[in-house]
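Chain lettering (A, B, C and D) follows the sequence in which the chains are written, and residue indices restart at 1 in each chain.
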Amino acid sequence: MVKNFSCSLNSLESDSLHEKCGVFGVYGKDVEAARLVYYGLWALQHRGQESSGIASANENLISVFKGEGLVSHVYTESSLSLLKGSVAIGHNRYSTSGGSCAKHIQPIYEEGSLFALAHNGNLPIVTNLQNFLISKGINPNGSNDSELMYKILNYYVVKGYSLEDAVKKCFPMFIGSFCLILMSENKLIAVRDSYGIRPLCIGKLNNEGYVFSSESCALDIINAEYVREVNPGEMVVVDKNGLKSFELAKGTQKLDIFEFVYFARPDSILLGKRVNEVRKSLGRILAKEARVKGDVIIPVPDSSIPASFGYSQQAKIPVDFGLIKNRYVHRTFIKPAQSLRDLGVKMKLNTIPEIFKGKEVLVIDDSIVRGTTSKKIVELVKNAGARKVHMLISSPPVRYPDFYGIDTPDQNELIAANMSVEEIRNYIEADSLHFLSYKGLIEATGLSENLFTTTHFTGIYPIDIGERNDINIRKNFVKISV
Amino acid sequence: MVKNFSCSLNSLESDSLHEKCGVFGVYGKDVEAARLVYYGLWALQHRGQESSGIASANENLISVFKGEGLVSHVYTESSLSLLKGSVAIGHNRYSTSGGSCAKHIQPIYEEGSLFALAHNGNLPIVTNLQNFLISKGINPNGSNDSELMYKILNYYVVKGYSLEDAVKKCFPMFIGSFCLILMSENKLIAVRDSYGIRPLCIGKLNNEGYVFSSESCALDIINAEYVREVNPGEMVVVDKNGLKSFELAKGTQKLDIFEFVYFARPDSILLGKRVNEVRKSLGRILAKEARVKGDVIIPVPDSSIPASFGYSQQAKIPVDFGLIKNRYVHRTFIKPAQSLRDLGVKMKLNTIPEIFKGKEVLVIDDSIVRGTTSKKIVELVKNAGARKVHMLISSPPVRYPDFYGIDTPDQNELIAANMSVEEIRNYIEADSLHFLSYKGLIEATGLSENLFTTTHFTGIYPIDIGERNDINIRKNFVKISV
Amino acid sequence: MVKNFSCSLNSLESDSLHEKCGVFGVYGKDVEAARLVYYGLWALQHRGQESSGIASANENLISVFKGEGLVSHVYTESSLSLLKGSVAIGHNRYSTSGGSCAKHIQPIYEEGSLFALAHNGNLPIVTNLQNFLISKGINPNGSNDSELMYKILNYYVVKGYSLEDAVKKCFPMFIGSFCLILMSENKLIAVRDSYGIRPLCIGKLNNEGYVFSSESCALDIINAEYVREVNPGEMVVVDKNGLKSFELAKGTQKLDIFEFVYFARPDSILLGKRVNEVRKSLGRILAKEARVKGDVIIPVPDSSIPASFGYSQQAKIPVDFGLIKNRYVHRTFIKPAQSLRDLGVKMKLNTIPEIFKGKEVLVIDDSIVRGTTSKKIVELVKNAGARKVHMLISSPPVRYPDFYGIDTPDQNELIAANMSVEEIRNYIEADSLHFLSYKGLIEATGLSENLFTTTHFTGIYPIDIGERNDINIRKNFVKISV
Amino acid sequence: MVKNFSCSLNSLESDSLHEKCGVFGVYGKDVEAARLVYYGLWALQHRGQESSGIASANENLISVFKGEGLVSHVYTESSLSLLKGSVAIGHNRYSTSGGSCAKHIQPIYEEGSLFALAHNGNLPIVTNLQNFLISKGINPNGSNDSELMYKILNYYVVKGYSLEDAVKKCFPMFIGSFCLILMSENKLIAVRDSYGIRPLCIGKLNNEGYVFSSESCALDIINAEYVREVNPGEMVVVDKNGLKSFELAKGTQKLDIFEFVYFARPDSILLGKRVNEVRKSLGRILAKEARVKGDVIIPVPDSSIPASFGYSQQAKIPVDFGLIKNRYVHRTFIKPAQSLRDLGVKMKLNTIPEIFKGKEVLVIDDSIVRGTTSKKIVELVKNAGARKVHMLISSPPVRYPDFYGIDTPDQNELIAANMSVEEIRNYIEADSLHFLSYKGLIEATGLSENLFTTTHFTGIYPIDIGERNDINIRKNFVKISV
């Protein structure tokens, strides 16, 4: 659980906090591409709820429609009907809200230009991009990393490069994590950084055409067939001649393992594995490791439900839903104001006292970040009548923030970077506290450790980002031993 | 499950389709009443997602803020801060959307008047109200039932009656279901119709003051203590002298039993019973009645989760979450346009094939209305690899629409009014289909059948609504034998 | 000149400051009535620049379009095209601006009602209307005089009275000045109070149909033929059977003589006299009375231009335009904020020094209210090089505010109520100052003194408005001898 | 009179029709610069009524506020209060209206850039600018001439050039007419093209600081002292060290003589001459040349008033205002829709029949463009009862369109390019028609012919604009002999 991440939002530059966004693109034939993108964005809503936008191209004209809020709020039948054409891209933005951020809603498109761009990821280093633009007489001020990428690509496109050639030219300049979907009048292009830190996959439309999506769950919603992931370092170009692949760099797969722990939807497939099944394994292995017994397993909804079933199957303890989630309080990340936080976890969770009364309960959650939410959950559960509360976490302690823009707090706010497990248990006032081991985490994926970015748990980053003062966002980071 | 109800929305007068709304009121001392109402409306969001409004009174001035969409969308810190004062009421509206409906967003308040009103319920007969107003020279055109109630109350208030006396005067004229919360500068009033068809309860604020809420779950969110329900036929008045009760009519409790089946949140208490526990009993009794066995129980999320656990406990079959709900597609009721419906249930549900592959599965849902959703779920589940699919419904067949505004389709669209259980099973292509018995439904509540309105299942209405052509909404109703 | 009136706006109830509005109505056959009203409102723009609205009726549906600002700003081709039908009315509102006033923009129409209303005039006494409404259970709070009239008429219409009968019923309750244009689905009605204080005339459309307008200049713009004025106390009803007249009261013509002095457009005809020619006579008689000589006559544009030509013709002194008016600073009345007033008359007037250099000049203005503008004009003219400045005013001293809502300051702000002519001359630092005599004013109209309301000059009001504390607006009024 | 120019608006590229705009800039000390600019824009409203904008710089932050409509409509007290700082520039845009044009409202400012720009003038050739930008990788699409200038200046500024150096670098690339006012955080810069085709002058604020304005009349409104004109080819830089002048090119004064005929406000000074007095001379010389006698001189308001007084003084015929202008129908240029044009001149002018009845009248107008307005005026005047109508024009026949963006029709729409004077007289049905001679026009200015651009009358352009197909706007131009 990373619910507490929200608190750090206001103390950071909002421009760069958008790694966990959702991107989607469609190149079809005689389809309303924008409408398909709209469905895809619904399915990717969990990756970003701040704002949403769709660009489509029709007869030489690129149109863009954007707005703040959920997909269901941003678009109307009439706005969709304005987005004509059979190629379209879309973006759900995850980040802090605020009027001044409206200008950063993606897809990015500059009037009179020949292409639009949607970006999921984060470039921790952008000084090279800024310097490049300045050297060309193009103003980089006020542009976030995604917009800088757009401006540099645009520089080449205006000079006459094809969009593919512009991407090839610029790819080496982009340092960080990025899944890009680009669209021109008659082309759809997907690009993934050399480490494949964020997910991006390819689907096929039955009536000719291709789809790119952050997660495979969004292919299902429009009946597109899953083909494969875009490879790290790969550019995939779709046009009227079909799909072509270009290796822009020798890629090394380094998917952020947090996608399995928490970010991705359970019905998505990552690296060939169904997220739901990996999460169940997390629970099963946690049961083997922790060996905690009790009367009932209570998942913290929704992300820890699969792990709870895994634990239950392994430990033969029944699951029950004693914590009721308010479906309309979306991820804590976007909670608007301090005053709302005072009621804390009550805004999101309520208890069914009949389920807790006199019981020894195992509460399963996906992660602990600051510890404040866990503390409140334990209190809630005890107030509801539980006799004993065991807190079980289906991932290892989060000891490191990351460099790629998932909106983590500074390291000194991470409880596991500052306390031992026993100290945390004492702080949250649980009767026992168990984390899944790092080994158990890897085992649950059924894949090699080499395939993952595990920064949050190990402090190891795949990309060399050089001197600290070059870095776009993070401060006060100290590498500590696990 | 009543997901198909949505389809009838456009063929009906939208003005009257708002029975299942949420209302909330606060009378405090030195509290920001509007902010507490805001929290309450979050907790009642499931009762209405179309629009929301709050009125508060401060120093002789009533202010109202309203908007279309979810609570999280309508209000901002700055709009809340404009709603000063320690008495406030709020309303979540459930109904079809559309620009022209914006004018009907509640609370109702006419500029220059002395009170505001929020209404949950429906008056099937309003001709008497219209005629009364015309006789007084007040224009009833363009007003829905809630607004007619307001205008008549206002007539008396302008003539000098106190708000309580106006309510007493008007109460006999209001024919139908209504939970009203009214607010003047220095008073908060709750009124419930003589049959108590919709829920309404009283809470106590610790720092002096009282709260009224459609459901008790909204008391928890602001740490208010549950006191009791407002009685059928009762008016409760809160002012600086505390709480006073008036019996406006001899009430007979007739709560709509669908509140237990589907409408209410599981953590609410109705008639002294926790909704979650009643739903578990529905599952347990269903297991005893149906005796269906299989490999795994799959709840149709979210409303059938408790019944699934009940069935599981009784039948010793494990629950697993094979159907993943898109959290951002709120109740089917508010689906915007025909074009979205073509993708049908895919917008809301996706499958985890690994859970279904080769299994005999028990799918548990709360109800069947038209049957089209059930048919699609069976298809989804089979496509995901299930060997056999048993559909189990934790309520009896819905054979009758209702007169009170829950947005049910005409009777000829209710599949159980037109087909036998076997015909339905055949239509939805399940391997077996079982409904809970009516007797089992009553038994699960642990309460007497006399306490309920059971129209959907029995066709019996508590209120005499006389000639058919007087009725506000429904047509083509034929009483059939159960 | 009444330019200084603006200063009192903020210290008065804005609701009642709308006497000098413009109203216009069209009943035609196969015409776009709203478009003709639009043209009419352009021609009446000088009577109100704060806001504008048009209502039209088409097939049982009354539509209204309103906005703040000038006619040219409020309407667009597309908004006009929504106002279908061959009967329409319009209103230009003159008053202080401000967001909170938007709700008072006319025509007045209550949703679901059967008629719309536009009002030019002012009811100084409305307590009887308020009491009537309260006695009927209709809330009068927050309604200005026009809206109270609408509500009472609506009371009778809802009770089943025809619109004409409702007017007959209510006419005796309306105490003050009012030109009303009312419109139902198939009727256009004009009503004028018994004293005819504000102007209202009838025109004929060539292709069948009639027009009502505050001034005849608006008939010219749509090529309607001037027929006659609506008589004091008369109701004129136009429907498919043509025009019918009803005498609701024995009227006595008492036109506000200030319409001739300043309000009306020079090309309008009032009481059979062209305003421009009356103003020229004002100048001619002023020349005879004042006998001031000099090098050049300088009109204060625009209202004193005709009087300047009159003076010139009589005194054989040439006119020249030494004061240049900023065409885009509309009447001082609507100047927005204090900060703008600091630059004073400079915002509106600039000088051509070549015209003043070394000259003895006669500056002609239409009136002096507070004296501050005159003082600044004298200063401007002297700074431009004039050797001597004679100020000549084409009306008598304004010594009394009025009860009918022309936005005059309190009596203690009227310079002529507090100073002798010589004291004023001294204050404005002119070399001489001459007012037209009251007798000269009457003589210039060519009409009997009996036909006019002359309150500003004589303190005599045609209507008995009883006790001071009943009066809607004015305070601190003391009758002084002329 | 150039009122008919409007008709050609829709057949031309709207982007380039903005030569006759108004620009204003303030560099002060402890002043609210934006507020002073606001006053200046009021005074320059006659140069552009379509839209208006102000940019100000405060502590490193440039803020811009823009809107469609008149200055009085665009700004509010609160919008002005947001524009902090003691350096500011503003722009009134004259052009066709329409939603799509909103993006072109000036001042131009690109977010994150270091300067803002306001432009009055027109570049007939921009292909060189477009090519330059493309060669630098900057997209020129969708940019009008002003925006292209901004982009090229920005290119140099981003590369590190000071704003002055950027202007020096770019000046030779700008081919056409341009008065530029530029502003950075701490500098105000004015630039005028080498021919000084549009006016631009310098004023001094008493409390330190300088002002630039299109016309001197806007200096008067804020009590700034007129210093001198910006010279053709000059750049004037104001910063904390005061004012510095740079000669960017050897300038040759070639002011558009139409500024004297019609464009400028009469109280402005151009080339040392008061516009009003030049216009009076036009009338005086016209009287000498035409020698037409009659009973009364009728000016077509407002621009021909001074010439009418000049004629009157010379010919000893009295002036009277028989044509009344609707003050709220601003220059014909911005008339919105075809449907409004059907009522033609009636929207703008009405007659006082008493002035015309039985008279031989001399109607004086400033110019004839298409002839349609003159024709309608003659008809109006005859319908008002005139016995004879002599049309006198205080400028020579307009036989050539211009290349600099004053919104003239194509040459084949200019009546004087296609008809002799007698043919025009016949067309407009006047009893006689007289134009001022070209010689008389020059004489009236009291200046040398060399100082003027006289394109409309002579077809001679000061700038070599090479091949026809390079030209931005005009087509179908044929040089004809005068």
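By definition in this document, a contact is a pair of C-beta atoms (placed from the backbone, for glycine too) under 8 Å apart; a residue touches a chain by one contact, two chains touch by 3 or more.
Just so it is clear, the model here is predicted, and its values are computed rather than measured.
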Seminar exercise, completed: Of C-D and A-D, the pair joined by more C-beta contact pairs is C-D
Problem set entry | Length of the line joining the C-alpha centres of subunit B and subunit D, rounded to whole Å | 65
For this session: Could you give the separation in Å between the centres of subunit C and subunit D, each centre being the mean of its C-alpha atoms?
Result: 35
Exercise. CA centre of subunit A versus CA centre of subunit D: separation in Å?
Worked result: 56
Exercise. In subunit B, what residues contact two or more other chains?
Worked result: none
For this session: With chains as vertices and touches as edges, which is it: line, ring, star, complete or other?
Result: ring
Exercise. Okay, in this complex, where on subunit C does subunit B touch?
Worked result: 103, 110-113, 133-143, 154-156, 158-160
Exercise. Within the complex, which stretch of subunit A touches subunit B?
Worked result: 35, 39, 42-43, 45-46, 49, 69-73, 76-77, 217, 220-223, 265-267, 274, 276-277, 302, 305-306, 309, 312-313, 318-321, 324, 326-330, 336-337, 339, 343, 346-347, 350-355
